[in-house]
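What follows is a pair of complexes built around chain A, which joins chain B in one and chain C in the other.
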Partner chain A sequence: MQFQFANQGLAWSDAYFLAQGLLNTVRLAAAATLVGTLAGIVLGWLRTVSMTVRIATAPFIDILRSVPMIIQLILANSLLSILGFGTSPFWFGTVALGAWMSAVTAEVVRASLLSVPVQYRKSARSLGMNGYQELLYISMPLAFRTGLAPWIGLVLSLIKDSALAGVVGYIEYMRSTQILITRTHETWLLLMGAGLFYFLICYPVSRYSRHLERKVRV
Partner chain B sequence: MIRISNVQKAFGSVIVLKGIDLTVEKGELVCLIGASGSGKSTLLQCINGLEPIQGGEILVDGISVHDPKTDINKLRSKLGIVFQQYNAFPHLTALENVALAPRVVTKRSRAVARALAQKHLEHVGLGDKGDSLPSQLSGGQQQRLAIARALAMEPSYMLFDEVTSALDPELVGEVLETMRLLKSEGMTMVVVTHDINFARESADRVAFLCQGEVCEIGTAEEVIDNPRKEQTQKFLRRENRKPLEIVRSSVA
Partner chain C sequence: MFGMNGYQFYWSIVWDSLPLLLAGAWVTIQITILAFIVGTLIAMPMAVARQQGEGWAYRFSTWWVELSRNTPAVFQLYLFYFGLGAFHINIPSYAAVLISVSFNNAGYMTEIFRGGLNAIPRQQLSASRSLGMTSPQSFIHVIFPQMFKVIFLAYVTQGIWGMLNTSLGMLVGLQELSGATQYAQSASFRTFEFFLVTALIYYLIAKGLQFSSHLAFRLIYRS
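What follows is the complex of A and B.
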């Protein structure tokens, strides 16, 4: 009897497998962007108003910004497992990528808020607005214009970094590509395809940001 | 009535105001003049609580500005202030600039706030500029916009902080015209200015500040035309000289 590998070449059913991986990448990136951005806005704002918060959160920001994502993912995975959170790889990825996103977004938010000229804030306060009204109607809209472009850069970076979530067992697009490469040895074709699809996810994001930037320019 | 009594103010170790006493009656226009660094602008920003003070008291209609128990935001809507830099919010149109505070501070409906804003824009001669962004307006127009924005809170007092100093000379007139209009309508105004001519023709009283103190106060005729104190005379002589002469004398 002759031994034979099943389905050694690429088959149409693999396209479905890849599409699932692609969808997982988009889900993970979207979830981490949402969680990280919301947390980052709050953190960044707190860091502008309170010296205590700034000092207390500095290690969080510095460590997350400086340690490679792959190490963070593995550590987060181990830590959460030890603590008994037997959740899905999707949540491990979201927590790790979201934490990184919150740290880097916080710095963009902080810098953008600090770039709002003090005379606008003074004017707003002199009209009787309280601190929160000033933040909502003056500082945040102006900071948004400054922070939009760097923030989009972070989102693109996050989409690409999500490719590392394979190490915690999440079958995102890169992981599914690697699985197929291992089986079929169609390295070139599959990697070209993966590169193309990452580009197709990222390009609209950066196009849209450019459009938004033009629209809100003052 | 604004009553300033024995106000002291320091930035770190630099003492800016050394016990200022000044009273501004309802309907009065008081000009504060003095050299740069004499504390005029600081005093103005103390009046609406933008700057904290280290001693003394400022009462606006009997309410203490720096008392922590005072609702400062409510008090500030009584005190309009216009700065040297026009500070029109760059992301809002002229109309939105004026309508914002009535809508969020005094909680008027959007329609009412916009109608109010339009009224005040017309008041300062910008009725047709409602849809323009500040970047599309000239310096003089932006400064009038800032005046309209302050007026929309329907303040009892207007504070002007060197509002014409950053303007091109040909744009100064339109802003002064707007201020004269307010004066003719009976607005109580405190005006920090380098424009001695404006002070002479419009002020009910002129206060000359020197090194953090009120050096001389009285009618324009008394302080500007017949100053008694030596510092006032020196300051006015310098102000009256043409800039070219100052250059010449410093070169010579």
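What follows is the complex of A and C.
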């Protein structure tokens, strides 16, 4: 017989395939977090100081928060392909998740900067600091304290949303799980593995974030 | 018509499929509202259980909350669709999406409600109990109406999150807005045009939900 049954059982080589998917999830989440956070800090700061930027970027933030990530991924994929900006699924995922991350981070940064009491900023200025020194040594450290816990929450959302990058052809953990389910029909074992993987990342971090939130509030 | 990199945009084909997309949007709205109601009904007792801090009800709702908040929504959908399917319990994709989005909503709403319950003075409960109300009566007539007022914004945001999550229906072959778009574009592969229109429809649904819930809030609380 020249053919093999499509329904092959799990083999040890599949562990390697899953490990690759795991690594891809980490790579995508890390890249999108980095890009999105840096862009979000700049955007959030600009939105705090400039009325024009605030009005001009409001639709960007509003739209990214009201359209499902799956649609954003598909749009990033097709738009970047049309414009000729490469064909790598990693890149599509980074752009879509990074854009979302920058929008939501900007809002956290803005809220945190606004939460710094105006008296602190005024006293810093009256001590002879210039605007940038005040931002760097007074506002940013204080805003960091308030913004850290919400930002961690956003990173967790991003990690969970990265499970959708499979729709643009990126083989992250969820997608590799699904591929193996289709082949082996070991549905529960593989699904439990995927659930455990995300849970083991997200649960400790969200516990720590809640702890942090309580500490900051006191 | 303008071209980018030789690409010609072609919108009329989307226009022709608009009835199909709108039918999908209607399914999206249905599941969103149903999952919002189911999530709320489950989250109310779970929030009370979470606040008690002990007992089997507390442990049950804590499991639910942590599981729904710390795993991807797509994992939760696969669990109900493929996971149950492996036990030969085959549920339609509509039900799978409704159940998984309700599951997710309930987990997040429980925590939102718990925050709201914490903001209400404990004496409110003992006062209504001493007026002769039973425990469920005091929660329904005294505690919850106040709680919803406190958590309203976060509650509506979660409802919109639930709406965004219904788009996962596309992955299990449900023809809600995303699935219908995926189907409609597969005849022409005008992916960008189709999904841009879909994004716009999602945006309008989100704004519509936001607006109508704010209106409802004003009517109910007259503020």
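To be clear about the criterion, the second predicted complex is superposed on the first by the 195 of 218 C-alpha atoms of A that agree within 3 Å, B and C clash if a C-alpha of one lies under 4 Å from a C-alpha of the other, contacts with A are read in each partner's own complex, and residues count from 1 in each chain.
Rule of thumb we're sticking to: a residue touches a chain if its C-beta (ideal position, glycine included) is under 8 Å from a C-beta of that chain, and two chains touch if they have at least 3 such contacts.
Small disclaimer: the values here were computed from a predicted structure and weren't measured.
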Clash-or-fit label for the pair chain B, chain C on chain A: fit
First, second, both or neither for A:Leu127, with chain B first and chain C second: first
Greater residue coverage of chain A in the superposed arrangement, chain B or chain C: C
Touching partner for A:Met174 - first (chain B), second (chain C), both, neither: second
Which superposed partner A:Tyr137 touches (first chain B, second chain C, both, neither): first
Which of chain B and chain C A:Asp14 touches, first, second, both or neither: neither
Touched partner set for A:Glu107, first chain B, second chain C, both or neither: neither
Touched partner set for A:Asp161, first chain B, second chain C, both or neither: second
First (chain B), second (chain C), both or neither touched by A:Cys202: second
Chain B, chain C and vertex chain A (Cα centres) - angle in steps of 10°: 100
Shortest CA-CA distance in Å separating chain B from chain C in the superposed model: 26
Chain A residues touching chain C - in the complex, by the definition given at the top: 62-63, 66-72, 74-75, 77-79, 82-84, 156, 160-161, 163-164, 167, 174, 178, 181, 185, 187-188, 191, 194-195, 198-199, 202-203, 206
Chain A residues within the chain B interface of the complex: 119-120, 122-130, 133, 137-138, 141-142, 145, 216, 218
In the complex, chain B residues that touch chain A: 48, 50, 73-74, 76-77, 79-81, 83, 85, 87, 89-91, 100-101, 104-106, 133, 135, 146, 149-150, 153
Touch list for chain C against partner chain A, complex: 4-5, 7, 66-67, 69-75, 78-79, 82-83, 85-86, 160, 164-165, 167-168, 170-171, 178, 191-192, 195-196, 198-199, 202-203, 206-207
